[in-house]
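Okay, so chain A shows up in both of these, paired with chain B first and chain C after.
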Partner chain A sequence: MSRYWNEYQKAIADDHYFYERSCIRQTFFPGSEAAFLKILREELGKDICDNPHQHTCTGIGYHSDVVPFETTMTVVARLFSLMKECGHKNYVPSCVTSFGVFTEVMAKWKENPALKEQARQYLWEACKREFEVPENVAHPSDIIYKFRFDLKPKMRFQLVNRFTGKPLRVVEHIGCHYAKIFPEQGVGNAEFPYVLAGMIEAWGGEVIDYPERRHCCGFGFRQYLVQENRGYSIANTKKKFESMEPYEPDFILTNCPGCSMFLDKWQYTIAEMEHKTFDQHGYGIPVLTYEELTGLLLGYDPWSLGLQLHQVQVERLLDKIGIAYNPREKYTGVDGKMLGMPSKPECLMV
Partner chain B sequence: MNKFGFQISRPRSINMDLSDDGRREQLLEEVPSYRLCIGCGGCTATCSAGQFTNFNIRRSHTALACNQTEGLAAQLDSCMLCGKCMLVCPRGVNLRGLIIRMRQMLGRV
Partner chain C sequence: MGYLIDYLKQDVRFEESLKACMNCGMCTAVCPAAEFYEYDPRRICDAVQRGDDDTLERLLKEDTIWYCGQCMSCKTRCPRGNVPGELISVLRRASQELGYFHQSEKGEQQKQLMKTLQGNILEIGYCVYPDRVDPDYHPEQGPVWQWYHRNIAAVAPKLGANYHGQGAGALRDIPQEDLDEVRRIFEVTGGMELKKKVCDE
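For the complex of A and B:
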């Protein structure tokens, strides 16, 4: 058994990472990336470079067919050149789509070295820079997964319902670009997704293996970017929710910026359109990123993690875990001033 | 159209858990040779009615088995019960009997 399971593992670097931020996460889940850097530096004592000159990987444009592959390749080469400047060899893209783009570009360079030389030439002509291919590309969730048992003793909370004493029931979603493009690049491949499940199990929770577990979240780029096509996007998300609903999950744990956003915000849209929520009490199912979950269990303040910006409110989940929070600080900025608040933040159906 | 500018698309996939109302089992019980069907489509290829109407034997019995009955009764009305399909069926399925039974199920007879 272990021999076969070894085929579903991947190499994850131990230390000295170059971090690349996501284009959209800063807006929707603003505390996640800061929490990841804090966890790596302060909890695990790792060296990670957060370079201010980084930029998009072109993922959204590339998968929407508006950015040609040669452009994507050159942009990726520039990001690799930034990593080279920092003196690192282990690349850590915050976004699952970036992770997919990098693995795709590197696979093409490996199959066709002439493409790599072309990228080298384009990059030099564009900005007189040079790059080196990373020795290791790991998604941040891979790193948290790798060190999940090192983090556990530092955690103040576990994924246990304090009212019932039972493990919290968690739906996990790894995202298509994590392991469906290059399955060998994901922990557990696309068949047995384990990167998030491993965290949940290690920290006391129970993973729900529901029928549509491997189904797309509904982002799908082309289905979403044109307004008239969004019916296809939300239909995918609804299919997942209908499939997970009978299992009564306590929350959804996500890997990808797009999946987090859609699984969270489409709940509001479905509630508006069809007057339907997928939990028993009409509040919706909370969605957390793996950094937010790790931060919460480590005892970080929920509002400094940016949980107040989620569409589905998280207080009921925090109560279940036993995490204390100050409701008055929810919409307060770091300077203590009120930032303003939605009129009915806890209600999905307005 | 609502304020979002789009609506939730209806899925085209068939959820067998939700759509199975036992009609397939009933058909198999009442026309036992239907169990031998391999879905080759020979019946459909030779069907005279199918040349001139939207009647399609293979699609019809598959649709009924999946409880996709919208417009199905009207399609079945196109069948002339000539039995040519039975002459070409490599498995000897009683197709005429099958169609008559399907019409009964849909309230046409």
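For the complex of A and C:
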């Protein structure tokens, strides 16, 4: 068994990482990026570089077909040159789309060395820069997965329902570009997704293997970005909700920032459009990023992690885990001043 | 074989995206776009494989090639190692470069996408940034997004972000010298040229 399972493992560097921020994660979940860096530096004692000169990988533009491949690979080459300047060899892109872009570019360079030379020439002509290909590319969730048992003793909470004593029931979604493009780059491959499942099991929860676990979250790039096309996006997300609903999950755990946002926000939209929620009480199914989950179990404050930015409210989940929170601090700014409340949806309960 | 198939083959991604399709239809079975639209990636692979100029020209002018959501589920499942989603990207590029995209409603949407996304990348260095996710154009984001959008300057620092700040951190302003280098990459590698073709025609 272990021999076969080895085929579904990937190499994940131990230390000395170059972090690349995600356009979508920092837009919708900035607290998750801060939490990841804090966990690595303060809980695990790792070295991770957050370079101020980094920028988008162009991934959303590339998959919306407004950025040619040659441009994307040269932008990637510039990011690799920043890593080289920092003296690092292990690249950690915060976004699953970026992760897919980097693995695609590196695979193409491997298949076609002339293309890598072309990228060198383009980068030199445009920026007078040189780059080196990383020795290791890992998604941040890979790193949390790798050190999940090191983090466990530091955790104040477990994924156990304190009212029933039973493991919390969790559905997970790893995001298409994590392992569908290059399955060997994902823990557990595209067939046996384990990067999030490994965290859930290690920290006391139960993973629910629902039928549409591997279905797309519905982003579809141009299918969401163009307003007229959004029916595609919400219809595909709804298919996932309908598939997970009978299992009554306590929450959804996500790998990709885009998926996290869609699985959260489309629950609101579906509730307002069709008066339908996918839990029994009308509140919806809470959605957490893996950084938020790790931070919560380590005892970080929910409102510093950014859980107030979720449309599906998380308090009922926090109550089940036994995490204390101050409701009066939820909608305050950095100076502690109350900023007013978001308006209430008509159908989705908050 | 004709002019258009030779044109498609100039794209460095073409060879890996379509090696030899046996028309099994696995890609269509697993495709989220095929569930939502009248869309069949198997037929597209078949059409490209035949290489007939008239068929390809029709394809490049139709809505069909714009239905794919680029999830790449087809890549995982194809028993022959083809990548229909990548082939779509090759076709979309050709459709834009040859000016055929104007002839379909979905293709014409590239103008808007090009202006928005390339605009974001070149002006601020991000594909997406909260200031540019306007709640009026994104009602699906809901009231919490409206609240955050209104109060971001006070909330972002509480979450450890460096909103419009200098130096490292989430949501920082990217230095002009870095934006200049990204722009230069777009000029040298054909990114600007593609935008010109799509937006100026």
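One rule holds for everything that comes next: the second predicted complex is superposed on the first by the 345 of 350 C-alpha atoms of A that agree within 3 Å, B and C clash if a C-alpha of one lies under 4 Å from a C-alpha of the other, contacts with A are read in each partner's own complex, and residues count from 1 in each chain.
The definition used in the following text is that contacts are C-beta pairs under 8 Å (C-beta built on N, C-alpha and C of every residue); 3 or more make two chains touch, one makes a residue touch a chain.
Note that the coordinates shown come from a computational prediction; the quantities given were computed from them, not determined experimentally.
Participant: Put the two structures on top of each other at chain A: do chain B and chain C fit, or clash?
Facilitator: fit
Participant: Counting residues of chain A in contact, which comes out ahead: chain B or chain C?
Facilitator: C
Participant: Does the superposition put A:201 against chain B (first), chain C (second), both, or neither?
Facilitator: After superposing on A, A:201 lies clear of both chain B and chain C.
Participant: Quick one: is A:274 in contact with chain B, with chain C, with both, or with neither? Answer first, second, both or neither.
Facilitator: A:274: touches chain B, not chain C.
Participant: Tell me the contact category for A:78 with respect to chain B and chain C: first, second, both or neither.
Facilitator: Second partner only, chain C.
Participant: Pick one for A:230: touches chain B only (first), chain C only (second), both, or neither.
Facilitator: both
Participant: Could you look at A:212 and tell me whether it touches chain B, chain C, both or neither (first, second, both, neither)?
Facilitator: neither
Participant: In the superposed arrangement, which partner chain does A:238 touch: chain B (first), chain C (second), both, or neither?
Facilitator: first
Participant: Rounding to a multiple of 10°, what is the angle at chain A's Cα centre between the Cα centres of chain B and chain C in the superposition?
Facilitator: Angle at the centre of chain A: 60 degrees.
Participant: Between chain B and chain C, what is the tightest CA to CA spacing in Å in the combined model?
Facilitator: 5
Participant: Can you give me the overlap between the chain B contact set and the chain C contact set on chain A?
Facilitator: 227-232, 234-235, 239, 269
Participant: Where on chain B is chain A touching in the complex?
Facilitator: Residues in contact with chain A: 2, 4-11.
Participant: Chain B touches which residues of chain A in the complex?
Facilitator: 227-232, 234-235, 238-239, 269-270, 272-274
Participant: For a test of understanding, state which residues of chain C touch chain A in their complex under the given definition.
Facilitator: Touching chain A: residues 11-13, 16, 32-33, 35-37, 66, 69-73, 75-76, 89, 92-93, 96, 106, 109-110, 112-114, 116-118, 121, 125-130, 133, 137, 140-148, 151, 154-161, 166-172, 174-175, 177-179, 181-182, 184-191, 194-195, 198 of chain C.
Participant: Which part of chain A faces chain C closely enough to touch in the complex?
Facilitator: So the residues of chain A touching chain C come out as 21, 23-28, 30-31, 33-35, 38, 50-56, 58-61, 63-71, 74-75, 78, 100, 108, 111-112, 115, 122-123, 125-127, 129, 176-177, 179-181, 183, 190, 214-216, 218-223, 225-232, 234-236, 239, 265-266, 268-269, 303-306, 308-311, 331-335, 337, 339-345.
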